[in-house]
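Two complexes follow with subunit A in common, the first pairing it with subunit B and the second with subunit C.
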Partner chain A sequence: MNSQVLLSLLEVLQMVGFVAFVTLWIEAYLYVHFNFPKKSWFLPAVLSVVPFAVLLLVLVAVGPVITVGQAVNIYLYSLLAEALLSSFFRYKGDKKLALPYMLIMPGFVGLALLIAYPLVFEVYLAFHDLKLTTLKVWSETGYLPFVNFEHFYDVFTKSPLSEVSFWQLLGRTLWWTVVNVFFHVAGGLALALLLNNEIRLRGLYRTLLVIPWAMPCVVAVLAMRGEFHSEYGFINIMIGRLTDAFPMLAQLGMHKVQWLSQHAFLTCTIINVWLGIPFMMVVILGGLQSIPKSYYEAASIDGASRFQKFRHVTLPLLRPVLAPAVTLGTVWTFNNINVIYLVTGQSGGTEEADILVSALYKAAFTFNRFSYSAAFALVIFVLLAVISLMWLKFSKGTESAYD
Partner chain B sequence: MTELRRSTPRFKWGIFAVHAALILACVINIYPLLRIISVSLRPGNRLISTDLALIPDGATLLSYVSVIKNTNFLLWLWNSLIITVATSLIGVILASTAGYAFSRFRFPGNKLGLTLLLGTQMIPAGMLLLPLFLMVMKLGLINTYLGMVIAYSVSSLPFSIWILKGYYDTVPRSLEEAAMVDGTTQFGAFYRIVLPLSTPALAIAFLFNFTAAWNEYLVARVILSNSAKYTWTLGLFELQGQFITQWGMFAAGSVLITIPVLMVFLYSSKWLVSGLTLGSVKG
Partner chain C sequence: MASVTFSNVKKIYGDNEVLHKVNLEIQDKEFLILVGPSGCGKSTLLRMLAGLEEISSGEIAIDGQVVNDLPPRDRQLAMVFQDYALYPHMTVEENMSFGLRIRKLPQEEIDSRVMDAANTLQIQKFLKRKPRQLSGGQRQRVAIGRAIVRKPKVFLFDEPLSNLDAKLREEMRVELAKLHKKLGATMVYVTHDQVEAMTLASRIAVMHAGYIQQIGTPIEVYSRPDNIFVAGFIGSPTMNFMDGSLETEGELLYFKNEAMKLRVPFPLCEGAEFDRNAVVLGVRPEDVYTERKLDKNLGDMVRAKVEVVELLGHRKNVYLECGKSRLLATVPALFKTEEAMFLWFDMDRVHLFDKASGKRIC
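Here is the complex of A and B:
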C-alpha cells in the first residue's frame, strides 16, 4: 500500500498545483486588465495570452490530452475572448471593481467549466448520436453524426430502460414526490410538536431522532434494504412471527411479501420517508422555538382552544420556515436517485420503482445510451424548470394574499 | 406549547403519551442501526439467521477483523479521505473569497451571480453526470483521484458561497475600516480580520463539503471501476451485494464508518442547522 499512498499524494499535489496555476493565471489576467485600463490593450493582451499559448504547447507536447488542431482552436477562441474582454474593460473598467472580480473569479471559472460547459455539452450530445458503437470513433477523432431531434422523439416513444415508458415514469415521479414530501412534512411536524413540549430527556430524544439523517446515506439505505430482505429482513421475520402467534391474522391476508422484487416502489418510498423525516423535524423545531411564547399567552387570554392556537398561531408563523424547506424538499425528492438506485440498482434489479432521474442514471450508465439520456436529461430539466416556475408563481401569489 | 401545559397541569397522561410516542419514534429511527451492530457481532456460522436478539449468542468481533484483513476496507477509507479532503479544501477556499466579494461589494453582476448560484441548485444532479463523465474520460482521468476531485469540486460551491456570504454580512464593516485606516489594503483586511473571525462559518462550509463528498455514491460509481481506487461507499455496496456471504463484513464496515460520522454530526449539528437556516433568514 505504501507506494500507492505516495502515488496518491503525488496525484493530489499535481492537482493542487494545477488549480493554483490556473487561479494565478486568471488573477494575473484580471490584475493586468483592471490596473492598466487606460493604456493600449496590446501589452496586457500579450502578457496574458502568451503564457496561455505556452501552457497549450506544453499540453500538446506532454501527452495525448489535446491535439494540435484543438490547441490552435482553443488559442484562437481565447484570442477572440481576449479582444472582447479587453475592449469591455477598456470602456467599462473601474479600478475599484478589480478586487471583487478577482475574488469571485476562481469560483466562477470552476462553475463555468464544471456546470455551464457540461450543460452546453449535454445539448450538443442530445442532437448527435453517441452510443457504445460510436464512442471509440468519437474519443479518437471527435466526430459524431448529427441526428436532429431523433433522440427527443425517442424519449417519448421508446423506453429509457427495457420496459417502463416515459409517461409511466413521469406519473410515478409526481406520485413519489407528493407522497414523500407529504409524509416528511407531516411526520416532521408531528415529531417537532412532540419535542417542543417541556419534557424530560428532550435532548436525548432529539439526538436519537436525527440519527437517520446523520448516518451516511449509503449505510442507512443499505441497512434498511437488508431489513426488507424476504427471508432475513426484520419486516418479514416479524410478519412470520405474528402470523404464527395469531393465525387469525394470516386468515385476514397477512403474509410474507417479496418486498424487494414485487413491491420495490413501496419499499423505496418507506425507506425515503424514514430518511427524510428528521431533516424536516429539525427545521420545523427551529421554527417552533422561534415563536414567542407571548403569542400563545395572548391567544389563551382570548380563549383560544388548543387547536385554534395551532391553526391560527403556530401554522402561520411556521410559514417562513416551512415554505423554503418544502420547496427544497420537493426538488431534492424529485431528484433523488440514491435511494432507488441503492435498492434496485444491482444486476437483476427491477424497474418497478424507477422515477425519472433514476431511470436517467440507469439509461446512461447501465444501458450506455449516452445521447438518448442527454436528450432525456434535457426533457427532465425543462419539466423541473416549468414546475419550479409555476410553484414560485403560486407561492408568491399566496404570499401576497397573506400580507 | 409550554404555556399550555402549565395552565393545565392535570393532564399527566398527556405527558405520558408524549413520552410513549417519542420513544416509539426513536426506536423506529435507531433500530436499523442497532440491527447492523448486532449483525456485525454475529459469529460466522450464525450470520444469516432469523434471530432478532440485539446481542447475538456467542458475540464476537471476528467480522471486524475480517473486513480489515480480507478486504480493501482500509484502502477504500484512505481513498475516500484523500478525495474528500482535497475537494473540501478547494471548495472552502473558492467559496471564502467569492462569498466576501458578494457580501462587501456592489459590482455589475452581483445580483445576477447570486441568482445563478441558486439556479444551479435546481439542476438535477444526474443531469450533469453524463457530460462530466465524458469529460473525465476524454481527459484520461477515469479511476484517478484527480478525476473524482474535479467531478466533486464545485458541487457544494454555490451553497458554501451563500453560507459564507450570510456570515460575512454579520461581521461589522467598522472592523475592516479601522484596519484600513491603519494602513492595510482591503484584501489585507479580509485576510487578517474577517477570515479569522469567520472560523465557525468556514468550519460549517468545510463540514458541509466534507459530508457531501464523503457520503457520495453515484458519481464515484461512474468514475471509479478499479477496486483499488474505490471509495468506501462503493466498497460497502459491493460487499452488501453478496448478501449471504459477506453480510457480516458489510455490517462491520458500516459500523466502523457510521460511528465517527455520527459523533461528528451530533457534535456539530447545532451549527449545521443554524448554517442551513442562515441563508433563508438573510435571503
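Here is the complex of A and C:
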C-alpha cells in the first residue's frame, strides 16, 4: 500500500467527517429553532461569541498574524462548533428526543450530502476566486485567494455572459416567469374543467395530456426544438404548406421564420408552456374533484348560473391547491434551465433567450467563472426566496379553505 | 306557498328502475315526510323535485305548473342538505345571503331578511363567522337560515338531522316543528328515522323499494298500516309478527298456530284475496298484556316462555318465546316476571296480513 492510497483514503475520511459535521449542524439548527430561544442560557451563549469576534478583529488589525479571510473562517466555524456543542449537551440530557433524532438521521445524511455540502461549498467559493487561471493552483495546493464581496459586486455591474447585463436578465426572467405561469394556470384550468366533465374516454385524454410531463424533460425539449427547426421542423413546413395553399395568408404577413435564432425567447416560451400545462392540469383536476358535489347543488338551488358557480364556488375552493402549485410553478419556471439551455445552449447559440439561471449555467460551464457563478447563484437564491415568501404571505397559500 | 303534485313519476338509471310510477299530492302548508329505509328512493324523489335529478317519466308540478324542464333556480325551492353544504369560504351572513345576492335583490332587503332569519334561528352572534367555526347544530341552523331567507314556495329537507348527535337531534326536531308552525310553509322532508316522521309530519309517505307503500297522517299509518312493511317500519319497538292460519269453526273465525288459538272478533275486508293457510298476525309490544284488563278487548290467553328481560327505567322489555315466534312485550317496570307467563293481546289493535302479498286483510 503506497502513500497515494493512504492519502486518498484520508480524503474520503475527511469527506465523511465533513458530512457528519454538517448533518449535526442541521440537527443543531433544528434544535435551536425549536428549543433554544426558550432556554435561560441562550442569551449568554449568543453574547459569548461577541468578545471572541472582537478578539479576532483586534488580531486582524494589529498585524500579520491572520488575514481577514482566515478571521472570518475561524469566526464562522467557531459559531458552528458552539451551536453543535451546546445542542449536543442539551440533547444528551433529554433522552426522550434521542430516538426521534436517530430515526430522522438517515434523512439528514441525505440532505447533508445533496444540499448542505454543495451549499456550504458554494458559499465558500463565492468569497474566494476560482476561475480558469486559478484552477490549477487550487487543485495542486488547495490555495484559493480570498476576495471578499468582489464577485457579488461584479454580478450587478458586469455582464454574466458576453452581452446581456444582470438587470436585463432579471427583467427577462420575471417576464418569462409571469408569462409561463399565467399560461400554465390558464391552460391547466381550462383542460381540467373539460376533463372534470363526464365525457367518454376521459382516462385516455388524461393520459395523452399528461405525456409531456411524464416523459424526460430533455427528450421532450429536444424533440420540440426539432419541430422549430427552420428547414425541417414541423412548424415551418406547415407554414410553408399553408402559404402555398392559401396565398392570402402570405399576403397577411405569414411566412417562415428562423425560430431558434431570431425568435428564441418566443420559441422557448411556447415549448415551456406546452411542458408545464400537464402539471397544473393534474393539480387543478385533483382540486376540482375534491370539491363536494353538494356545494354545486346548493348553489344551483340558490339560483347560481354555471359561471356564478365557477366564480363563487369553484375558484375560491381551488385556492388551497392553486396557491402552492403556483408557488412551485413560479420557482420551477424561474429556475428553468432545461428549456432555454437545450434550445439555445449550443455553440453559436443566442443570448436573446437567456434568463438568470441559464446565464448562470453558461457563466460557470461555458465561461468557466466558477466563483463568480457561485456568487451569482446566491443572489438568485435570495431573490427567489424573497419572491416566494412574499407570494405565500400574499396568497395565504398555506391556509386551508375547508377547516 | 304552494302545493306539489307528483304524477306517475319514474326514475330509471340505465336498466334499473328505482322509482315506479310514484303518485303523490302535497297540499299547501303541509309538512310531508318521506320515510323509508336507505335505498328506497326517497332522496331521489326529493332531488327530482329540487331539479337536481332528471325525471325519467311522469310529471312534477308546483302550484299546478309543470316543472320538469325548469332548472333548479326557477323552481323557487330551498333545500337543506344532510351535510349542510355551507360554502366553507363564506361567512354565515354571506352563506345566507348568497341566493339573494345572486338574484340581485336590493341590499337593504337582503340585510333585513338575513336579520329576520338570524333572529328566528338565534344565530345573530355567528353572522361573521365561517362555517368551520360553528358546531354541528349551529351549522344546521345556518343551513335552515339560508333556506328561510329565500322565502321559497317549498322547503326541502334531505335527512337534515342525521349528522347530529341524539340529544341535539331531539332539540332540532322541536325547533323544526316550531319553525313549520311559524312559517306556515309547505315542507317536504326526507328521513329514514321513523321517530322524526311520527313527531314532525302532517302526513307521512312510507317508501320501500321504489314504491310509496302508504300515505297518511302519522296516527293512520301507525294504527292501520296497509302492509307488513309499513307495520314493521313504523313504531318502536317493532311490531311482533306471528305466522299462522285462519280457520272457521261454526260462525266464529279463529287465528291458529302451534302455540295459540285466538278468536278473531272483527270481520275481514271484503274482497281481500289471501291464502287462509298463510297469514300473519301483527301486534305491537305495547298491546301485549301480561294480566287481564277489563277495559280492554283482550283476546284468548296465550302461553309463552320468558327469554330475556330488559329494564328501561319506566318500562320493561320482555322477550318471549311463543311457539316458533318470538314476541316482545313492554310491561310496567315494577311487573314481576317469571319463567313462563300468560299473555293477552288487545284484539282491537291487532293486525292481520296476507303472508304472500304482505297486504292488510282486516
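Going forward, the second predicted complex is superposed on the first by the 297 of 403 C-alpha atoms of A that agree within 3 Å, B and C clash if a C-alpha of one lies under 4 Å from a C-alpha of the other, contacts with A are read in each partner's own complex, and residues count from 1 in each chain.
We take it that contacts are C-beta pairs under 8 Å (C-beta built on N, C-alpha and C of every residue); 3 or more make two chains touch, one makes a residue touch a chain.
Nothing here was measured: the structure is a model prediction, and the numbers come from that model.
Once subunit A is used to superpose the two complexes, subunit B occupies space next to subunit C without a clash.
Looking at the shared chain after the overlay, A:V313 reaches subunit C, while subunit B stays out of its contact range. Counting the residues of subunit A touched by each of subunit B and subunit C gives the higher count for B.
Within the superposed three-chain model, A:A298 lies in touch with subunit C and out of touch with subunit B [touch as defined at top]. Residue contacts after overlaying the shared chain place A:Y232 against subunit B, while subunit C stays out of touching range. In the overlay built on the shared chain, the residue A:I115 is in contact with subunit B alone; subunit C does not reach it.
Of all Cα pairs spanning subunit B and subunit C in the superposition, the closest are 6 Å apart. Residues 297, 300 of subunit A lie in contact with subunit B in one complex and with subunit C in the other. Contact residues on subunit B toward subunit A in their complex (touch as defined above): 1-5, 7, 15, 18-19, 21-23, 25-26, 28-33, 35-36, 39, 48-50, 52, 74-75, 78-79, 82, 86, 90, 94-95, 97-98, 100-102, 104-105, 107-108, 110, 113, 117, 120-135, 137-140, 144-146, 149-151, 153-154, 157-158, 161, 186-187, 214-215, 217-218, 221-222, 228, 233, 236-237, 240-241, 243, 247, 250, 254, 257-258, 261-262, 265-266, 269, 273, 276-277, 280. Residues of subunit A that touch subunit B in their complex: 1, 4-5, 8-9, 11-12, 14-16, 19, 64-65, 92, 97, 99-101, 103-104, 106-108, 110-111, 114-115, 117-119, 121-122, 125, 130, 139, 191, 193-199, 201, 205, 207-212, 214-220, 222-227, 229, 231-232, 234, 237, 240, 274, 278, 282-283, 286, 288, 293, 296-297, 300, 306, 309, 320-321, 324, 331, 334-335, 337-338, 341-342, 346, 357-358, 360-361, 364-365, 370, 373-374, 377, 380-381, 384-385, 388. Within the complex formed with subunit A, the subunit C residues making contact are 50-52, 71-73, 77-79, 81, 83, 85-89, 98-99, 102-103, 132, 146, 150.
Those residues of subunit A lying in contact with subunit C across their complex are 292, 294-295, 297-305, 308, 312-313, 316-317, 319, 401-403.
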